[in-house]
Amino acid sequence: MTVVVRTIARVLLPISLEFGGYVIMHGHLTPGGGFQGGAVAASGLAMVVVAFGAKRLSGKKGLLSALESLGGVAFTALAFLGLGLTFFANVLAGAGGLFGNPVPYGVNPGDLNTAGTLPLMNWAVGFKVLAGLGAVVLLFALFGGEHDR
Amino acid sequence: MSVHAPILAIGVALLGGFAAPLWAKLHKTLRDLWVLLVVGFVGVCVGYVAVHVFTTGIWVYVLGGRSPQETVASGGFPIRIMLTVDAMSAFMGVIAALLAVVAFPFALKYIAEEEGKTLSLTLGLLLLAGILGMAYTGDLFNFFVFLEVTSIAACALIGFRTWTSRAPEAAFKTMLLYSVSGLLFLLAVAFLYGEYGALNLAYISAQLSGTAVDRLSLALFLGALLMKAAAAPVHFWAPDAYGQAPAAKTLLLVVNTQVSLYGLWRVLFTLYGGILDAPVGWLVVSLGLLTMGVAAFMALVQTDLGRLVAYGAVSQIGYMLLGVGVGLVALSGRPDYGLVAMKGGIFHMLNDALTVGLLFLCVGAVEWAKGTRDLRELGGLGHGLPEVALCFLVASLALAGIPPLNGFASKILIYEGSFRLSPILTALAVLASILLLAVFARAFQGAFLGPRVEVKATVPWVFLVSMGVLVVGILVLGLVPGFFVEGLVTPAAEALWRGRALYLAAVLGG
Amino acid sequence: MSRWLGVGAFLVVAGVLIFAGVAVRPFGVPPRTEMDAYFNRFSQPEVAANNAVTAIVFDYRGYDTLGEATVLFTAVTGVALILRRRGK
Amino acid sequence: MIGNLPFVVCMILVALGLWTLVAKRNLVKLVIGIGLIESGVNLFLVALGYVHQGIPPIYTYAPKDAPMVLPTPQALTLTSIVIGLATTALMLAFAVVIYRHKGTLDARKIRDLRG
C-alpha cells in the first residue's frame, strides 16, 4: 500500500486500540463491553494487515494464538473463582476489595471500581476477541497471498 | 468439590481445550498428557454424575447463584442458567464420555504431528465439552449456544484433510446445514421468549398453552434437530461428513448426532410433553422408517468403505427415531408397549455408539495400514490384519442385529414395541436390518477376504486396545442386556415417559 | 416442474413466517416481563453494575458467554486448521 | 401505530435468506444467505425486547422514571452475533480452500460427493 495509507494506519492504530480499551474498561457502566471493545481494537489490527501486508506480520501468528488461549483460560479461571459458591458466582461484587464498591439502586454517574468480576472478565474476553479476530484476518490474508504468488 | 461435578465435567473440558495449544508450545508430550488427563477427569465426573442421578434423582445446578440449589428468584420464576441433569441426560453423558475415552488415545496415535495434531486435539476437546453442555443444560438458549459449539468444532474436524478437495466440500455442505439448523433453533427459542418472557426449559414447559406460535416453534425445533441428527430428507450431509473426518474424530461426530436426537427427545417429551398429540409421533415414526430404508439402500451401492459404514450409521438413526416415535404415538394413553419401544430406542443409542464407533475405528485402521478405503482396491486384508477383521465382523453383525450381540438386544425391544402399534412398522424395520446384513457381508468380503496381500504398516497396539474396549462392550451388552436395561436404560426411558412432572418440580419446586 | 415446486414450497414457508410475525404478539408491549424486570431492578444491588446488559452477559447468563467465547475460539482454531500449510 | 411491522420485516429478512439458499449456487452467496437469516433472527430478538418509549437498560446518567427496554434479548443477540461471525469465518475458510482446489465457487461444478 502507498505511503499515505501506511502513515494513516500508523496514526489510527493507537487510536483504535485506545478506544477499544476504553470500551472494554467501561463495559459495566456504558454501552459496550469485552466483545465490542475487542472488535474495535481488532479493526485496528485488520487495518495494519491491509496497510503493511500480511507477510510482515506472519511471525505474530503464534503470539496471537497464545494470547487467545490465555484470554480463554483467564475467563474460565475467573468463572472457576466462584466455585466456593457456584460456578460463575460473582464473589468480588460488593465485597469491598478490587472492583468491590457497592452500588445503590437508581440513576448515578457511575463508579469504575464496581461490579466485581465483570471488568476482569471484560478484559479477558476483550483480549481474546482482539487476538481471535486478528488471527482470523491474518490467516485469511496470508493464505490469499500464498495463492497469488 | 463433588457438589460441582456436572459443571466441572463441562468446565474442565473447555479449559482443557483452551489450554491445549499453550501446552503444545511448551512440549508435545505435555500436551498429550494434558489431553489424556482432561479426558480422564471428565470421564470420572460424568460417571459420578450418572451414579448420583441414577440413585437419587434429578440433579439441578444453578450457575452463578449464591447456592447451586437456589433455582427460582423471589416470585417463583428462574432467572439464571441452570444445569438440569435427569436420567436421560446422564445416560447421554455416559455415552459421550465412553466414546471420548476410547477415541482420544486412538487419536493421539492416529493423527500425525505435521498434519495439525494440536489443533485437532483442541477441537476434539471442545466438541466433547459442547456435547456434554448440550446434554446437561436445562436452558433453551444455552442449548443453542452449545449446539453451535458442536457444529463449528465438528465442521472444522470434517474439513481436516484440506489437501483433498472432498473434505472442504463435505465440511461446507455440513456447515451450511448446521448453520440453518442452529438458526431455526434460535428462531424457535425467540418465539417462545417473546410469548413467555423466559428461557428456562422447565418454566416454559409449565407455561405452554398450545397457541399457534407454540406449534410453529415446535415445527422449527423439529426441523432444526432432525436436520442436525441426519434424519432422512436431510441426511445427505452425514455420509460425506463421516467419510471425510479423521476416523478417531468420527466417533465424536456420531455422539454429536446422537446428542441432537437427545435434544429432540428433550423438546418433544419435556418441553412439549403436556400438549403433544399423536400426529407428531407418527411423523417421527415415518421419518425413522424413511431414514433406515433410504440409508440401507444407499449403502448397497457404495464403493468407499468409509461412506458405506457412514450410511450404516445413518440407518441406525432410523431405528432410534422409530423406537422413540412409537413411544410418542402412545404418549397420551401411556400403554406398556410405548415404554418398551422407547427403551429399545434409547438402548439403541448406546449400542449404536459402540458398534458404529468400532466400525469407524476399523475403517481408520484399514486406511492406516493400506492407505485407501476404496472397496475395489481392497481385499485380502484378513490375513495381514486378523484382529481388525474380527472387530469389523463383530461390529457388522451387531449393527445388523444378529443375536447374541448388543444390536439384537435393543432391536428386539423396538420390534416388540412397534409390533403392538402396527406390524407393518416391524416388518419394514426387519427388512432394513436384513438389507444391512447383506451390505456388511459384501463389505467384509470385499475388504478382508480374498488372496493374501501385503500391508504397508502393522496396526499399533493403541488401536487394538481402543477397539478391544468397544468389542468387550458390544459382547457384554449383548450377553447380559437385562442388567443394563434395568440399571441404565429403564430410568432414562422413564425420565422421558413419565418424568416431565418430576423435571418441572425439580426446577420450579413443589 | 421441480423449480415451481421449490418456489411453491418457499412461498408457503415465507407465508408461515410472515403470519408468525403478525401473530406473535403486539410490538412494544411484552406480555411477560418478570425475568427482565428482575434484571433491571437487581443488576445494581446484586451485581453492582450500572449496565444491566453487561450484568446479564457476564453474571446472570455468564455461562452463555463462556459458550460464546468457546464458539469464537473454536472458529479461530478451525480456521487455523483449515488454512494451515501441510507439513509445518 | 406501526403494529407488528418490525416483526414482519424480520421475518421477510429470514425468508429472503432462505430464498438465497435455495436459488443461488455461488458458495459466497450461500454464506451471504446464512448471514441474511441470521440478521433477521437477531433483529427479531432485539425487537422482542422493545418497550414503548423505552430507554437503554443502563443507569449511568439515565433519564429519571423512563421505562427501560428488556435487557435479556440484547444479551442474547450479542451472543448470537458472535456465533454468526464465527460461522461465517469458518464457512469462508472452506470456500477459500475449495476455490484453491477447484478454481471455481460454483456449487454445481464442485460436486465430487454424490450418492
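Order of writing sets the labels: A, B, C and D. Residues in every chain begin at 1.
The rule we apply is simple: contacts are C-beta pairs under 8 Å (C-beta built on N, C-alpha and C of every residue); 3 or more make two chains touch, one makes a residue touch a chain.
Values in this document were obtained by computation on a predicted structure and should not be read as measured data.
The pair with more inter-chain C-beta contacts, choosing from A-D and B-C, is B-C. The mean-CA centres of chain B and chain C are about 24 angstrom from one another, to the nearest whole unit. Spacing of chain B relative to chain D, judged by their CA centroids, is 28 angstrom. Between the CA-based centres of chain C and chain D the separation comes to 9 Å, rounded to the whole angstrom. Contact with two or more other chains is made by residues 11, 14, 17-18, 21, 63-64, 141, 145, 148, 152, 155-156, 159, 162, 168, 171, 194, 197, 199 of chain B.
Across the assembly, chain A contributes residues 29-31, 33, 65, 69, 72, 76, 79, 87-88, 90, 106, 108, 110, 136, 139-140, 143 that each touch 2 or more other chains. Within chain D, the positions touching two or more other chains are listed as 14, 48, 56, 58-60, 70, 72, 76, 78-79, 82-83, 86-87, 89-90, 93-94, 96-97.
With chains as nodes and touching pairs as edges, the resulting graph is complete, every pair of chains being joined. Residues 1, 4, 7, 11, 14-15, 17-19, 21-22, 25, 61-68 of chain B are the ones that touch chain A when the two sit in their complex. Residues of chain C that touch chain B in their complex: 16, 20, 23-25, 30-36, 38-39, 59-64, 66-68, 70-71, 73-75, 77-84, 86-88.
In the complex of the two chains, the chain D residues touching chain B come out as 14, 21, 27, 30, 34, 37-38, 41, 44-45, 48, 70, 72-73, 76, 79-80, 83, 86-87, 90-91, 93-95, 97-98, 101-102, 110-113, 115. On chain B, the positions that touch chain D within their shared complex are 141, 145, 148, 151-152, 155-156, 159, 162, 164-166, 168-173, 175-176, 179-180, 182-183, 186-187, 190, 193-194, 197, 199, 240, 298, 301-302.
By the touch rule above, chain A contacts chain C in their complex via residues 27-31, 33-34, 65, 68-69, 71-72, 75-76, 79, 87-88, 90, 93-94, 99-106, 108, 110, 114-118, 121-122, 125, 128-129, 132, 135-136, 139-140, 142-143, 146.
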